[in-house]
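What follows is a structure written as structure tokens; I'll ask about it next.
Labels run A, B, C and D following the written order; every chain starts at residue 1.
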């Protein structure tokens, strides 16, 4: 079945899914921290819209709450905090030269394919939107990990981590119309605390190795020099 | 059920109390009191369970059954004894000025927070909430790992944070898939309730459940410390304060494994196959062997024992994966004896490193001469953890070996190799620390070794005879997990 | 009656031993164109020695003093169990051939200890070499014996001999091997040329003499007598096991007398052969003895295997 | 009732162990005592005196040690009683203790096999407890706390006894490991020298690995037993296929062989035995190895049931290697206790060899001859426990008096330590299997068994067994050489060091009593072997279900395996003969008083100046054998001469160094160690310390798993 004969909600969700996936790619290729954070905020925004949309069309009121939470956390609070950190540490100018960017990009693309390949046999008997949405969110999660693997800036790691959270959240919204409220609140709380902790850690790391390059965090290892 | 609420409430109050008044003198004592209270509550709970059987709270949010009750009591108990130890330990740390009041505040508050998370993981019937609690446990302990603010501790904490965060996120994805599979069979309200899912496990979509289990295994497995996801574990154990290492090894790993097993029960029900078991066996065996080899190259005493933790968690994962009644029984027993023994060992290790003023193995010598109690405690504990009778660890390892011999005889040589390597690795490091001439500059410290003695006594008791109520719980849990009772 | 006979046989054994030694000397001298001492010279020597006052080193301990008596009585006991002129004597049952080897070991044990007791270089040297050679020779001897005992399925000497007797002259390859092995071992064990030279004193090559260098008087007499007994024992073993014909089976006077003559004749021949070989061969270097003995061992092994493979 | 005796033995040994813990508690007791005085004021003055002396600084440790060893002795007595009574009324006692796993209480079974080994342990323990107090007096409490020694000695003995009682795999393993671990602590008792620590480490690791093998052996049986039950009854009825039975046998052989010290897994033995306190090494070498033998017999004959020929062949070959290897290495040792340890390897080798013979005959369907071999093996085990304990205790006395274990530095002790030297002479004669002593009888029986080879059809076996017998003969001869060297160098000749010049006879009666007990038994059972052999018959009839009553007919005088035609041995007659002959010539030659001995200098060939350094010592004594069998050892021999003068003809100084290494180290153990370290280095590489790599790991894991499930 092709996209014409789907209802508007589904079309919109699919579009959003595509956009979210796109944002992940943008982050993956992004060398400048400020832009990275900006794209992350964008992803959060798309997520919030998706949530609100789901809440509206499936009229599940509790999704509004999570939409609001998402908006507050992922679009404003966390990006703002990270920005502050970046400016405080005065690293908003330096860019990270990614090694073999194209390879990473191709890897990301193949990850998307892979997530479809994984989920396809599973979801054959479910509406296609589920498949696409889940596949997208899975690929967002994987892309987030790839982001963390390929970037050396601690900030980038945080952003990757958060985008993984986004992926999860999106999956929860589209596939299951959100988790039970208690769980959602719990997740939101965890994310918040995590963000705060990251803030603290930047300072510590900065003070200990006076840089945020995680490759320099390699005192503890098991390799014989 | 009130007991459960009381337990959680107590820990919450603990958090706030210490967050505000954590700098007071005697704070360690107070922490001990808090834990004593929770321990008593859990005992009360246990008696309830023993008399009236399993309970599920009215809102179905909490469950206490024969599987988790003994873990709850164990958690409370280890929390208690460790708090006794940490009182003495932290006092000494404060003396030598490694810690300030502010950090002590954090320490004690987070201690309670960690206990809260542990209890929550154990009692929660809602898989989502279990996940939340697990994440909370990570967040609580991260601050403790970086308590000393040394570059190493920061680095360790960061790795711990990132790796476990990512891992736990994957577990979340698994949970979402589980939820998804659950709502396929209707009943959206209780779709995440373990008790409900366990009843209707066979209706769940097997493919989805398999993928979900993969995510959960990788996610929670990171916390269990399965190779190759284990890398955070030695760092976190070795750089944090020793009481932290004790509870990490003794409790956190157990609870992560507990979560995996809970999910495995659902997956097995859904797939009616042994695939989850195979995954667990593979990971378990790999972790067991690799950790056993790592034991042979350690220079830091706390790293040493954190690798031994990985090894034992691997063994447990393996024998849960085997899935026969015998092996399941063994694994349940091993969870208990391992956390008792390991936390006891970390207590002695903490004192040992304070005696020598360092954690480097080659700097610590002749403990028996400097402070016989610590030396013997360390030696006996190591014997116990290396699986020598009459300590309980031997019992479970014995059962695991026999169970393996019954189901997969060709795997036994690997187990044999692992146990031999592990024993060699432990003793080639421990023996010179305990025996021989003491290295200069080693001074006896004011140590409280009651926890060690109690723990080892318990482990000894479990090795010689398993008390009836415990045996009942174990066999009920075995029935729950593997379908039939051991023999 | 039987016990009395056994006693007589033993006494005969003990009394004839010096005569055999004398006879060997006699033959050797004859073969080497020397004027021979009388056949009874060994008796004279023993007599003289027993009437001399023994001198004992201050370093010596009680063990040094009692060793000769133990050695001698062990040999006498060995003599009592080996059928000389008659089989089926009661003493033979009290100890079989393995015990006989045990007796030799017993004597050797004390001889070597006595050699070590005084703490001279010579004593230690002799003891060390004696134990070395014997530890090589003993297994070879046992192997040779096993060949016999497995054929007769008995380690009891008189039964074994009886078995050989009643089966008449059967040409057994195993016995031929065993015989040669036995002879080689006997030469080594009794310290004859080419392994050791009984005629020497104070040479760096000597073995037996080195151990008893400190002995004098009656002690020396006992030890000499014991070694003569040992020589005769080996001779009788070889003679009666491999050529048992003529030994008395029923205890009539004629039979016994006949047996006595027989054994004397056999021993005389064996001694002659020994004398010839001692005249022909020269003494070997110590570290060539191993080759000699391993050859004996090989022969014994061949005998055993040929018994197992060819004769069953 | 009999079980009660057996339990008493265990309990008393444990008691003595825990009593030893009170070594440091003197003050507590005196405090208690004072408190008690207030409570009961009117106590007779005499009691007060007694208690005061007991609690005084000086006497408390002494009395406590005495008491501890006394309890140990009691336990030994109980063990002997239990063993004898079960052997006499040849029943089987079973019981269950409510310990262990919930569905499996500890099963206890006490039959004549256990009884025999109870007897062995009991005798050794009694001797030790007589010997102990005098020996431990030397340790100072600060560095070598008696509490540790006593505690672990008690547990060690209790563990061994429990192994004999165990009737299910779980209880057996617990007891077994208890034995190993406690003896580990005893080996590590004097842990100042790094050599001792190394020995202890080696011992512990090998013990653990061995135990694992044994567990696997049981595992094979359980997986065939009905209901996965670990009780020996269930294991007995397990129906195994031939191949699995063989696997089980091999596993158990490795496991028990490691404890019994068979080559090449013997290496812990010569390291551990020398460093333990002497009475402990006596127990370890004299008794613990026998417990390993017990395990082997129990597993192989009792649990596995129908034995197979090739097992016997394996046992014979391994036994022969161990026997020869053991004695060859023993010959080259200079440390007395090391030498004894290696000779233990040799004796265990002999025992396993004979056991192999018995297996072969059993499998080939000649149960009576099998019983004969079985009896020979058990009897040799019994004898070995006697004379090896005696030798180790004697070595302890020597170490105690000479402060030296290097044979090369001793000499002439026969004059300074008359009693010890006599007792050790008995031991040396027994172990070099001379007639009239117990070692000879068992080897004689072994030979008799081997000579039954004619009943077999298989040509290979028929040719293998005699060769094995020849190996046995060689072993015996070399053993004689070895112990001539020991006795001759240690006790005879002149002192080779100042220590041995100053050595005195031990003054402690108890130590001598311990030695004399064992020596007496060695002689007794050498002359009247029938006493033990009839017990062994019971064991054979219970284990092999085949009494050899008509194979060996037993009366006090004659020992006739198979038939009187075949062979017979009457030790009492031999004894009489020796006595008569000796007495006659002694009497006859000594009659003339004018012929009394004359003391004079040793004859020095007229050169003068004999010095002790001119004697043969242990290295030179074994030189010819070293030359002949030079391939057996890893010998490094260096002679460097300092020469000077014209054409550097004149040798001023000679340095001689000799080091003899065990091949199995170079060939097996060092490579293993190297491999482990290398492996660890390789595996260490996966932990690079870079977090992105770690993330990549978990990423890859996830991908792979997902790919696997879909």
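The definition used in the following text is that a residue touches a chain if its C-beta (ideal position, glycine included) is under 8 Å from a C-beta of that chain, and two chains touch if they have at least 3 such contacts.
Everything numeric in this text was worked out from a predicted model, so none of it was measured.
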By Cα-centroid distance to the whole-protein Cα centroid, the innermost chain is D
Per contact tally, chains sharing the most pairs are C-D
The chain whose C-alpha centroid lies farthest from that of chain B is chain C
Averaging C-alpha coordinates per chain, one finds the centres of chain A and chain C separated by a number of Å equal to 101
Chain B and chain C have mean C-alpha positions lying a whole-number Å distance apart equal to 78
Distance between the CA centroids of chain B and chain D (whole Å) is 43
Rounded to the nearest Å, the gap separating the Cα centres of chain A and chain D is 70
Chain A residues touching 2+ other chains are 118-119, 121-122, 145, 148, 157, 214, 217-220, 222
Note: chain C residues in touch with at least two other chains are none
Touching two or more other chains in chain B are residues 158-159, 162, 166, 170, 207, 211, 234, 294, 297
So the touching chain pairs work out to A-B, A-D, B-D, C-D
As the complex stands, chain B meets chain D at residues 158-159, 162-163, 166-167, 170, 207, 210-211, 214-215, 217-218, 222, 228-229, 231-232, 234, 275, 279, 290, 293-294, 296-297, 326, 368, 383, 386-390, 394-395, 398-399, 401-402, 404-406, 409, 412, 416, 419-421, 423-424, 427-428, 431-432, 435-437, 463-466, 468, 471, 474-475, 486-487
Seen from chain C, its contact residues with chain D in the complex are 50-51, 53-59, 61-63, 65, 69-70, 72-74, 76-77, 80, 93-96, 98-99, 102-103, 105-106, 108-109, 112-113, 115-125, 127-129, 131-132, 134-136, 138-139, 142-143, 146, 149-150, 153-156, 159, 202, 213-214, 217-218, 222, 286-287, 290, 297, 300-301, 304-305, 308-309, 312
In the complex, the residues of chain A that touch chain B are 118-119, 121-123, 126, 134, 137-138, 141, 145, 148, 154, 157, 161, 164-165, 167-168, 171-172, 175-176, 179-180, 182-183, 186-187, 189-190, 193-194, 197-198, 201, 204-205, 208-209, 214, 217-220, 222
As the complex stands, chain B meets chain A at residues 61, 126, 128-129, 131-132, 135-136, 139, 142-143, 146, 149-152, 154-159, 161-162, 165-166, 169-170, 172-173, 176, 179-180, 183-184, 191-192, 205, 207-208, 211, 234-235, 238-239, 294, 297
Chain D contacts chain C in the complex at 411-412, 414-415, 425, 429, 432-436, 440, 444, 447-448, 451, 453-454, 459, 462-463, 466-467, 469-471, 473-474, 476-478, 480-481, 484-485, 487-489, 492-494, 564-570, 573-574, 577-578, 581-582, 585-586, 589, 594-605, 610, 612, 614-616, 620-625, 627-628
